[in-house]
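There are two complexes below, and they share chain A, which is joined by chain B in the first and by chain C in the second.
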Partner chain A sequence: MIKRILIVDDSPIIHNLLRKTLENNGYEVCGDAKNGREGVELFGQLNPDLVFMDITMPIMDGLEAAKSIKTLRPQARIIMLSAMGDEEIMSQAKDLGIDIFLKKPFDDYKIISAIAKLV
Partner chain B sequence: MQAQLYDPFKKSIAGVLRQMSGIELRTTEVFHPETEDIESYGVSSIISFSGKIKGRLLLDIEQSLALEIAKNIVGQEFSSEKEYMVLAAISELNNIVAGDAITALNNMHSLSLRLAPPVVFAGKGAAICIPKLNSYSMYCTSEYGKLRLNAAFERGL
Partner chain C sequence: MEERAFLDRNEFIGRAFSTAVYDVLSTMAGLEPVEIQGENNFSDRGGKYITGAMTLAGKRSSMASIRMDSDTAALIVSYMTGIIVSEANEEDLYDGTAELVNMVCGRAKAALADSDEYFQLTSPFIVTGDNYVILYKNRIQKLEKSFRIGEGILTLELACM
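Then we have the complex of A and B:
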């Protein structure tokens, strides 16, 4: 069951929009991180059911953060949500065991149906 | 100018803006070389990318259009283009337009381009000087104001 979700993105716009979408659909946003390093730290502290992870972020990017999280907990569920989505990045994400890769911009349907696929 | 490098940006801007904010953009079909410093319309965001080649994308937007974009994305009215969430909205618009175009360029030409986080600033008339790069602009209009998309690459394919 997915209930508690961590958002990792450097854009306050994405935090704002994604939080609205998730909360309107009954999910709890248990943490907000602005870069990959914060995301890894919060993941360790909060143990969320799911992580939404951007790729392009300062300090630590999303692929590196996802790798660290998967090392901490191999069964961690991660949805990449990024403006980038070329074949090379998709392949790297697949190798890391990323569950789903979504391209921005997004709408409610895209987000909620992606979560539904993980349940 | 190599059209293959610039066309993905032209293809992305109108679609991404419509999807994010519901605003329709009328775009010119051709890119024009910029030979002087660019005088900002009001709100500007620059995003750099690098890989097998280097370049950057500048979105330069009139205040009235920037406020409308932010209102539609965030869902609330703003009175100044200098408000944090207005700047954040324009910054994210630039990130998504650049990401969409760079994804297409990477898939077509295997350039392994990666984006840096965008920077954004507000200030009508500010001179944007980007030396050493030849840049090309596409001028766009909308019901709410003007937008200039300016792209530059360090070299061709």
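Then we have the complex of A and C:
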């Protein structure tokens, strides 16, 4: 069964880039959200197998959105992506039960390896 | 002596940013930028220029910017996303440049994390137009590095206050 993935990022470029990598590797992008609030809403509607979540976004940031998603479904699988590799942010993500934290830049191998560990 | 220390420090920071430019472009776009020696190697192909910039707050306040012409930005966006160069619209170019400067600064920040040059970052912003310069009111020390990418040039500037 094809795994369904939700992308939450305010950058259309990152959406395009992730979509290209995921679809080329047999995954389905079931939804695109451009901020954390949209991400939480779409998560509730789509029930994806995995979420790619940026951190710095308008309206609701990725950490807050991840917290809401984990409240809705504690076993939700989330990979956080960020250019800011702050120890403090990574520690907060870990406390929220984020499965994997990837620092930008990333290549296809890094993305696919991270997914393979979770789904 | 003081000037030497300043140059060494700038060289240290400059190297972190140069490596970041190379890492980001090679990892995300499969491009291999070649550093050009000398200053003022702005691309001279005419058309619109795009600058992506971020403010760095640390021991010293600085502004990091990446400037290139729209054709070079389109080439990078195309290699990153698979969008055909001629189909990349202005929004793609602005977003791509903002992401690029964000990743370069984030990478440099990580490289400098354990040094005295550690800094925090603001959100990236874009300046664009046909003919513009960025002027600094206060006395600043500028560090400039240029990279050839295909037929275009990307210029990284660090303005330390």
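Rule of thumb we're sticking to: the second predicted complex is superposed on the first by the 116 of 119 C-alpha atoms of A that agree within 3 Å, B and C clash if a C-alpha of one lies under 4 Å from a C-alpha of the other, contacts with A are read in each partner's own complex, and residues count from 1 in each chain.
Throughout what follows, contacts are C-beta pairs under 8 Å (C-beta built on N, C-alpha and C of every residue); 3 or more make two chains touch, one makes a residue touch a chain.
These figures come from a predicted structure and were not determined experimentally.
After superposition onto chain A, partners chain B and chain C are found to clash with each other. In the superposed model, A:57 lies in contact with chain B only, and not with chain C.
By the document's definition of touching, of the two partners only chain B reaches A:88; chain C does not. Of the two partner chains, both chain B and chain C are touched by A:105.
By the touch criterion defined above, A:14 reaches both chain B and chain C. Comparing the two complexes, residues 11-14, 16-17, 56, 82-85, 103-105 of chain A contact chain B in one case and chain C in the other. Across the complex, chain C meets chain A through its residues 23-24, 27-28, 77, 80-83, 91-92, 95-96, 98-99, 102-103, 105-107, 109-110, 113, 121, 123.
Contacts from chain B toward chain A in the complex involve residues 16, 19-20, 73-74, 84-85, 88-89, 91-92, 95-96, 98-100, 102-103, 106-107, 112, 114-117. Chain A meets chain C in the complex at residues 11-14, 16-17, 20, 56, 82-85, 103-107. Residues of chain A that touch chain B in their complex: 10-14, 16-17, 56-58, 82-88, 103-105.
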